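Letters A, B and C mark the chains as written, and numbering starts fresh at 1 in each.
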Amino acid sequence: MSNAQNHLLNDLLERRRPGYSLEAPFYLSHEVFQADVQRIFGQHWIFVAVEPQIPEAGDYLTVDVGKNSIIILRDDDNEVQAFHNVCRHRGSRLCASHRGSVGNLVCPYHQWTYDTKGSLIHVEHMGADFDKRQHGLKKVHVRSLEGLIFICLADEPPADFEQMAAQLTPYMAPHRLKDCKVAAQAEIIEKGNWKLVMENNRECYHCVGNHPELTLSLYEYGFGYQPSPANAEGMARFRDILAKSHERWESMGLPSREIEVLDTCVTGFRTQRLPLDRAGQSQTMNAEVASKKLLGQITDPAVGGLSFWTQPNSWHHFMSDHVVSFSVLPIGPDQTLVRTTWCVHKDAVEGVDYDVANLTKVWNATNDQDRRLVEESQVGVASGAYTPGPYSPYTEALVEKFCNWYVGRMRALTPTTA
Amino acid sequence: MSNAQNHLLNDLLERRRPGYSLEAPFYLSHEVFQADVQRIFGQHWIFVAVEPQIPEAGDYLTVDVGKNSIIILRDDDNEVQAFHNVCRHRGSRLCASHRGSVGNLVCPYHQWTYDTKGSLIHVEHMGADFDKRQHGLKKVHVRSLEGLIFICLADEPPADFEQMAAQLTPYMAPHRLKDCKVAAQAEIIEKGNWKLVMENNRECYHCVGNHPELTLSLYEYGFGYQPSPANAEGMARFRDILAKSHERWESMGLPSREIEVLDTCVTGFRTQRLPLDRAGQSQTMNAEVASKKLLGQITDPAVGGLSFWTQPNSWHHFMSDHVVSFSVLPIGPDQTLVRTTWCVHKDAVEGVDYDVANLTKVWNATNDQDRRLVEESQVGVASGAYTPGPYSPYTEALVEKFCNWYVGRMRALTPTTA
Amino acid sequence: MSNAQNHLLNDLLERRRPGYSLEAPFYLSHEVFQADVQRIFGQHWIFVAVEPQIPEAGDYLTVDVGKNSIIILRDDDNEVQAFHNVCRHRGSRLCASHRGSVGNLVCPYHQWTYDTKGSLIHVEHMGADFDKRQHGLKKVHVRSLEGLIFICLADEPPADFEQMAAQLTPYMAPHRLKDCKVAAQAEIIEKGNWKLVMENNRECYHCVGNHPELTLSLYEYGFGYQPSPANAEGMARFRDILAKSHERWESMGLPSREIEVLDTCVTGFRTQRLPLDRAGQSQTMNAEVASKKLLGQITDPAVGGLSFWTQPNSWHHFMSDHVVSFSVLPIGPDQTLVRTTWCVHKDAVEGVDYDVANLTKVWNATNDQDRRLVEESQVGVASGAYTPGPYSPYTEALVEKFCNWYVGRMRALTPTTA
């Protein structure tokens, strides 16, 4: 980016008023969007897929991060690899499909052929002096956290991923995501900036007025609520349920307490096992499990939902019967892809153990409601009349932390300008 | 806008050659478009709606002016209000619908609630220290001229609106637009710059070759024609009809003479009561009234058409039986919304007193013909080969006045650059 | 273009690495695209149509080159004329249709009327002082090379067109394109930069893996292949066939030897009469003629294909029974029109002498395959991971010559910057 663009960005970052929503250019400007793609999505660990999407050697999927297409592939040694989806000859995209299964990766243009480790193994007409070893696929850093696949496009990825992995593994391991299969996947394109999508995810102030399906099972209080005179009674009741639930789950070997480093780490995240209302089992219309085949070693269906939120682009709910994961990927300043993946036990049988419509109903409805809210926000902040407004100190603390993290990371990665 | 952009604009404005069409960047450039939205549509009175669109308290409509969405609402005291359609919390659009009826304005996101005067009256989770009085909706200046609703987005709107209102009221009052109802409305998007739409409206040189329906009732001579040797005969005949008609209408208490300050006032306009051909009553296919219920105190159907043209964005024809109004709103450098509204007496009964197809036929056909002309002009001026061409001194004087007004206002509002 | 834009372009041009594909901005940048339209398509001879498209006086077609629409018209003296499709009054496009037949050119807006030589011959309301001679249509340079119509938008077109015409005429004359009719035409829009379309055309390295229909009749070796140890046998066999074919065709009065000045002339081109495989007659599914009526004086159907490639935007194959021509026109950085025209003898009768599906099958299939390859290349080079890769020295020499020509011409036409 040019010096002038960085200067503009530094001005915006400097002006940021804590406790208030961001200024309009953060949601509208092409320059800011370009910086978001380069610095936020280009320099951090981003969540892109789950291992059950590529169960067998040779299985691959592709994800688009900005203009970059990345191949996520299970190699012949069953390791997860990530490559740029670009042939080293004249730059053709290698895989046009979003998913598939291959022996080798063969470019459709001139049949340059790469193995599942990314090495160029066959090429015609290039002559004896041509060095295939110099023309392997460009690799992308990739890590699996108990089956959640993160990539980092930077040369030097943030080191604190290991710390997050060490803390999270005991929480997730009992759910055995790697032994799951994908039961359903949904992609929606929201006509709004990716940060509006994330801010929407980071508070439940809007839940009661907008999410009738979700609030059947979800307590809004678990989403960063702070006690106030107005919510004292509900908050106290929730804290009581939470304490009792945690005691029970911890005794079952399920770590449950909150870990929250959303704006204090480069790889910011939050996790907590949260009680569910009614039947207390799953995020469904009756709060009962959607799949009869419980995950991993879990035998009690009522273990609430282990929620896991990451900066900058994901959230996940691990329940006794299924895991639902959300990946947010920016397309343009006012367009964002939200990909939702539901996983159940790999031995669960559709129509017998679970029904896809029942499994997906709550989040398909909720996603669509959130899409509308995000799109109305995008229209509103584009108005010349928009000015940043105050966050609720009692219900929007995690939105503030998202903004803190974003602004902090951008400040750290934007060159100083005079 | 940046100094460089203003510099570019000042160069263009300075180069403008009187008597010739504008240079291409006025129709194509994103920078000029941005200046048009800010300085022309942001600093002048623009016509957006008619009162019959919001007959009852709580009725509202929304209009988009550039990226600004404005709510036009009849408040609980039956006054017309205008607000920015943006919640003061996190900027969501309040009303997604183009029209509706409300008790209060409730933001769909977190239910912040404003009354019909724009005051914030209810909010949750914001705590005891939160000052609702600081968070009312942002107001927009609004005035009704005998039922025609104009807004101004500027902090200080042009003062000469009052002068226009004082002059126009006696012309319009007999038609009693406020006692009308909306019989039909049409929106078309023309793929052309808003100035090409306006220039097209400001001459009838193109009528004979393009508007077979309109020219059944309309005399082209009434649209700014100047006498020439070639048109001497037709012009003389028209002037004779005009003089006799004015004498008759003035004697009936209907002011008719031309007032024309198109390029000599900030709020430029022109009005004149003009004779119609054939039956002489209305702009229909047989020039007879389309609605049997005559407007206001009018008892003679043959009172021609009171035409009213405003800078920068409207024209209107008040006839004995109906009023047709046109509002032009820029969407992009090459896209413009034209909204046409037909009003009849509020007691007229559809199917008995009037037929919508008959009422709207002439202008729906004419609008579509003009759309094509505007779109072909947009394509043509985008060619590298386009150079400004000469206006006809006999038929395009009002186009010239539109350009004069536009260039004059832009000069006045663009900062001087070195 | 601004000094900064030229500076950027000069940097890119200077960095160009011979033997490697171009850097990404050449395919992506709006500034480079603007320079391409101005300097490549605005300053060179470009192929736009064939004479059989406008057989009679008054017949016209329009072509879009960037934002410029050009009318190609056969005037009343049967000469081919080219005009900017822009009225000299207020700039409206004159002809909205892509083809038609006219007595005069009449602007739809205000009926300004031009004759087939482009002179303004009738206008109303402009007064006695108006000089029609100053307001004729703006002319565009146009030349027909044995029926292939080239235009040049520059004031001073490259002079070496005459040299090309002198060399090519004996090759083409026997096919008598002017005595043909258009049997079919296809337009496809490829979502890729025009240079990727051209580069794809300039090698047959990709043919064997992608073009099953085309390679039934076409020898890949004729498309710039260089001998290598790996292809020695096939190459020797082809050279033998080529030598024998040339001997036979030259004895029939058909010039056949290669002329290749692709990157050594301003009006770069290559031609050669090439043998066809199997029946050896035509680019069809059985390599037999698609039209029974042979062209011009040709009596032997097996005269191979006279291929003719031009910089920057065309290629053609003249066979005994038909001529197929391709015109490439840029629409945007990532969008290109490819127009394919098939001509047969004007006396050939559809359904009797030829069948359109049979005539067009090979190239319709091939075009669609190439479209996909170009589009995948466009996606790939847009990735941040793309870096220029090496051309095959044995199969991609003509791609290299296209890039040489392009870079050389851009260097010659881009102002030096500090």
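Here is the rule we use: contacts are C-beta pairs under 8 Å (C-beta built on N, C-alpha and C of every residue); 3 or more make two chains touch, one makes a residue touch a chain.
This structure is a prediction, so every number in the text was calculated from the model and none was measured.
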Inset, instruction - Could you check if the interface between copies chain B and chain C is built from the same residues on both sides, meaning over half shared, or from different ones? - result: different
Legend entry - Between chain A and its twin chain C, rotation from the CA superposition, multiple of 5 degrees: 120
Legend entry - Chain centre separation (chain B, chain C; CA means) in Å: 48
Inset, instruction - Enumerate the residues of chain A that touch no fewer than two other chains. - result: none
Inset, instruction - In the complex, go through chain A and note every residue touching chain B. - result: 21, 24, 199, 205-206, 209-210, 228-231, 372-373, 376-377, 379-395
Inset, instruction - Quick one: which bits of chain A touch chain C in the complex? Just the residue numbers, please. - result: 42, 66-69, 84-94, 96, 108-111, 124-128, 130, 135, 138, 153
